[in-house]
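My structure is below; once you've seen it, I'll send some questions.
Going by the order they are written in, the chains are A, B, C and D; count residues from 1 in each one.
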């Protein structure tokens, strides 16, 4: 199987290179980048010396279609919506890490992304690539809308409770904390070391584009319309996302009861690890891995459940999940090439 | 005016030294520490060379009472409850930075601190030292219960809305993010660099001792009983606390309307700065200062208001606020010795 | 006395604002910036809310000359060389924080800065603003070339040994470690959080423009020509510079002997603090202050002395030293407005 | 092949678990720890959930000898010297990550480690496990003295120049910069987040125990007696070591010439990567991998060469190198189980 990476020069791109370099069934055929074509990837990322020393190539549809079977789009939103259809027509499998095909309702895309949406047909065709909940659909997909980093953490944390009918949706609040790599390698004052280090800041309060993605998936699972509050914060670290989720319980449950139900729910999910009552995960405990760790507290004083969900945003929140989706599409074990133990400390 | 600092060898202690060294009306007479008496403070904290080179002294009640007018207690909880009464009897003014005199209900202290409480009489006598709300009581106090770091940020953020009747209390959720200095200089795995750096973790979910302190003060202002959720998180930074506060609005208000009401509310408060609509404070923007900065978003989709409140936990959350209380007690301008511009970047 | 700051929107600029806002004898009259004129400084730096809310103004020579007595140039190299002469002619005192007037030899400027130099006459007129060594010249200066951050740390560390004739110059090696703020607020991949955090990198090895500045001053003090090795490193922190200096001893001396000579040497220098034998300063111990702390080890195995010198690069390495120079020019105590205790932790 | 890890509860221990869990030819049979026996490793390190959930066992010589073929000692210095001989007698292969068997001269151990040394016979038997220079000896070893973290970086940087006769030894200076994980998981003020973060400090100047280890190996390769200066610094990061090496050239060579010689020298070394002239490695570019990256500058002004050498201290500086040694002993490819791409960003 020959793979190409469009946007190979970004953080998600080089992480795809890392995983594919160690994957037993796939070979990296092309690294593609509009802005840095002609350069060797190791000159942009010296850590790849001896690992992958390919030259970045330009976006040539015909050549890409000829040389590759499978494409990863590690690009900003607004880019893949015009490229993906051309490759689908030529029979390639497309895994899009951007937000372009995630929202089924094009008006919501326009509202939250402030850009024109992809064509409706492709939006319908795209499968939301959250394997723990859409495994069967993913297996038959040609176009994967790989979930956003925050939605991955938030949904893996709350969806079991939603599906099992434990919580009231109108009470749902998600407080997100993310490392800086989520914003990519592009330079801006917001990612300047001196402005981020020894600092916490909230951003895009009430208007973050991951809000409708979370809502849409909860609605898809529950059948009910909901509005949530999602507040993202920037944390002085490179990798990692934590979502702290607050939800009112429909009926009182102890922490132990909720933990037990979550453990059963995720029993056959390789990458979801549920902590025992009294233990909550920290982001570093999944650093460098595809795991999502979940901790739970039920507070009888307020009859709310608090769920802590952590991932490595570049892996389970982007490139690792993309590989997981690829594995499912091609019928391989979902953990193939992804059995990386977290790097600790 | 001659001041002594009990627990001068901790982070709050040295920060008191920094402020008092530059205060025009007060002189540091004694640095007191049980565990490090006999050592020079500059050997424990070389940054104090040439600034303050006093030798730490033991806890000798009579001598302290003779040499000082005013005592700061920068000690862990459980310590000042037995010391303060002895000094009050000798006429000294006591400002306690620990939690010992904050909760009026001794049973709540026992429950949340897991320790025996102070005597009821002193609990009643103690004035809660949040100057923006209890200025008049503070002016006449002999014993100040200096607020906790999280409660300071949380209460300055939410109390205006409480007092103006804007929000439903039962919906109140406070998501706290703190730097590591809040845990003090004592060594533990939880403050080991390698365990904190590049990491976020939640802790004491549902059982943090600052919860009843926040609830008690909201109840005191509003007259209503409430239970809140408060979830503290440890952030890989040294200083700074952010509280992200979620509360349901009683009736719809725009962000601009809430901002305007907050600006009016804090008009005469020197250290509370309210941001314009669309702008939210980051912790670094108050670093090294006694300011509390507040940003507000009203979300019409959920009819909730989100309030971002930030302080430097060692200053407005501890030593700076203690100085502010001292200024009020002695009739000086509340900002005396505290007009420090935040250190940025 | 009315001061203007050209380049007020950079990190050195805002730090000048912080110091001047608390200075008893000087008033900030104008904040000047070509690129951000028309904006309010508090919109660029919210931490300055209520502290300094001036609007940035354009570079209008006549107006500036009319309204101010004293100008600070907090600009990149290559800018002040054309501006300073115009203001000198109009009688203003100029303190230049850039490298434009530091090197007496214009050819060296051209070689190391890769830019055309300032006019020879102004290079000769400029006084190198290292108060611990050029105090008398500074008192009579109209144009100060404020030292670079690395040279300040390196020279305060090595010059006593040079002046007292303790070391062989040809053996001199300076290994520099700097926080990221030294590179300013401009965005670049080199200051992107994810590229700096959890990382150390060397840069400009053998070609850093501070090399000839260090050499020139050692030569000025010693009368001998020398070439040194200076290797700068970028450290994942915002503020602070450490220079680790290696020099061969002319004749054997114990650590205690060298420490004693340094202590005597700096006895009357307010901002130089020499540590006892066996104790070496860390950068955080001068954070937020104008101190330079120095530690010394003499190694009899190699007959070399190692000198550790630390400063806050934005203060003693830039804006604080500029204020110190201003104080000397106007006959005030050199520490006026600069008696800030380091912020620790 | 069945392996045991003594000291499995430390940072080097868990990193050995990570590597061995993915090694095709070795199985972890026992995790051994005196202080934490009886606990499950996943309770000490939750990131190991589902990866390795063994219970830590006590040090029982007979049982260990019965169940394992190979032992890793990830213990502080002073511990393995009494354990290793007992296991060697029972025929086990021992790889010691501590300093106990590195110095051939027991007096030097006593002087620099301030402890009694191992028995002379074992010191002679031990093979210094730096595979790039002692590969043949390692292949036949029963006892490996795995190099220290600083010596690994320093020696891989300077030994080619030593072996090729390019430099004068008496001029050798090594300025080391290390992340905090090198000090292990034990708690101390020196590894407290608030004391390390936003800080650089030098330590053990002139007395660090890695000094004689570096000297001994250079002497072994060159046949000459030397004394060096080695100055370690603590950097606010978790992983990574950089050594900046300064050495006088015997005869002038350009940067390109030295780079070319190094490239040839390391041509067949899998884990040593030499950068092109003008490019120098940063520690993050080897983070999470077993690589050592080397950059070189020759400065004609001073006739010195500067060599930048970086490793991940926990991997190439400890556990990864131990695995590499194990691979050589058992005749496997040296990179077996170690082909980890650096984690970037």
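In this section, a contact is a pair of C-beta atoms (placed from the backbone, for glycine too) under 8 Å apart; a residue touches a chain by one contact, two chains touch by 3 or more.
Which chain is which protein? Per UniProt: A, B, C, D = N-acetyl-gamma-glutamyl-phosphate reductase.
None of these values were measured; they are calculated from a predicted model.
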Give the chain pair, either B-C or C-D, that is connected by more C-beta contacts. C-D
Using C-alpha centroids, which chain lies at the maximum separation from subunit B? D
Provide the C-alpha centroid distance between subunit B and subunit D, rounded to the nearest whole angstrom. 46
Could you put a whole-Å number on the gap between the CA centroids of subunit C and subunit D? 38
Using CA atom averages as chain centres, what separation in Å is found between subunit B and subunit C? 36
Touching at least two other chains at once: which residues of subunit A meet that condition? 11, 181, 185, 194, 197-198, 236-239, 281, 284, 287, 345
Complex interface listing, subunit A residues touching subunit C: 11, 180-181, 185, 187-189, 191-194, 196-198, 236-238
Touching residues of subunit D toward subunit C in the complex: what are they? 173, 175, 177, 179, 194-195, 197-203, 205-206, 227-229, 231, 233, 235-240, 242, 244, 246, 280-284, 287, 295, 297, 299, 301-302, 304, 306, 308, 310, 345
Contacts from subunit B onto subunit C in the complex sit at residues 11, 14, 17-18, 21-22, 45-51, 181, 185, 197-198, 238-239, 273, 275, 279, 281, 284-289, 293, 314, 339, 341-345
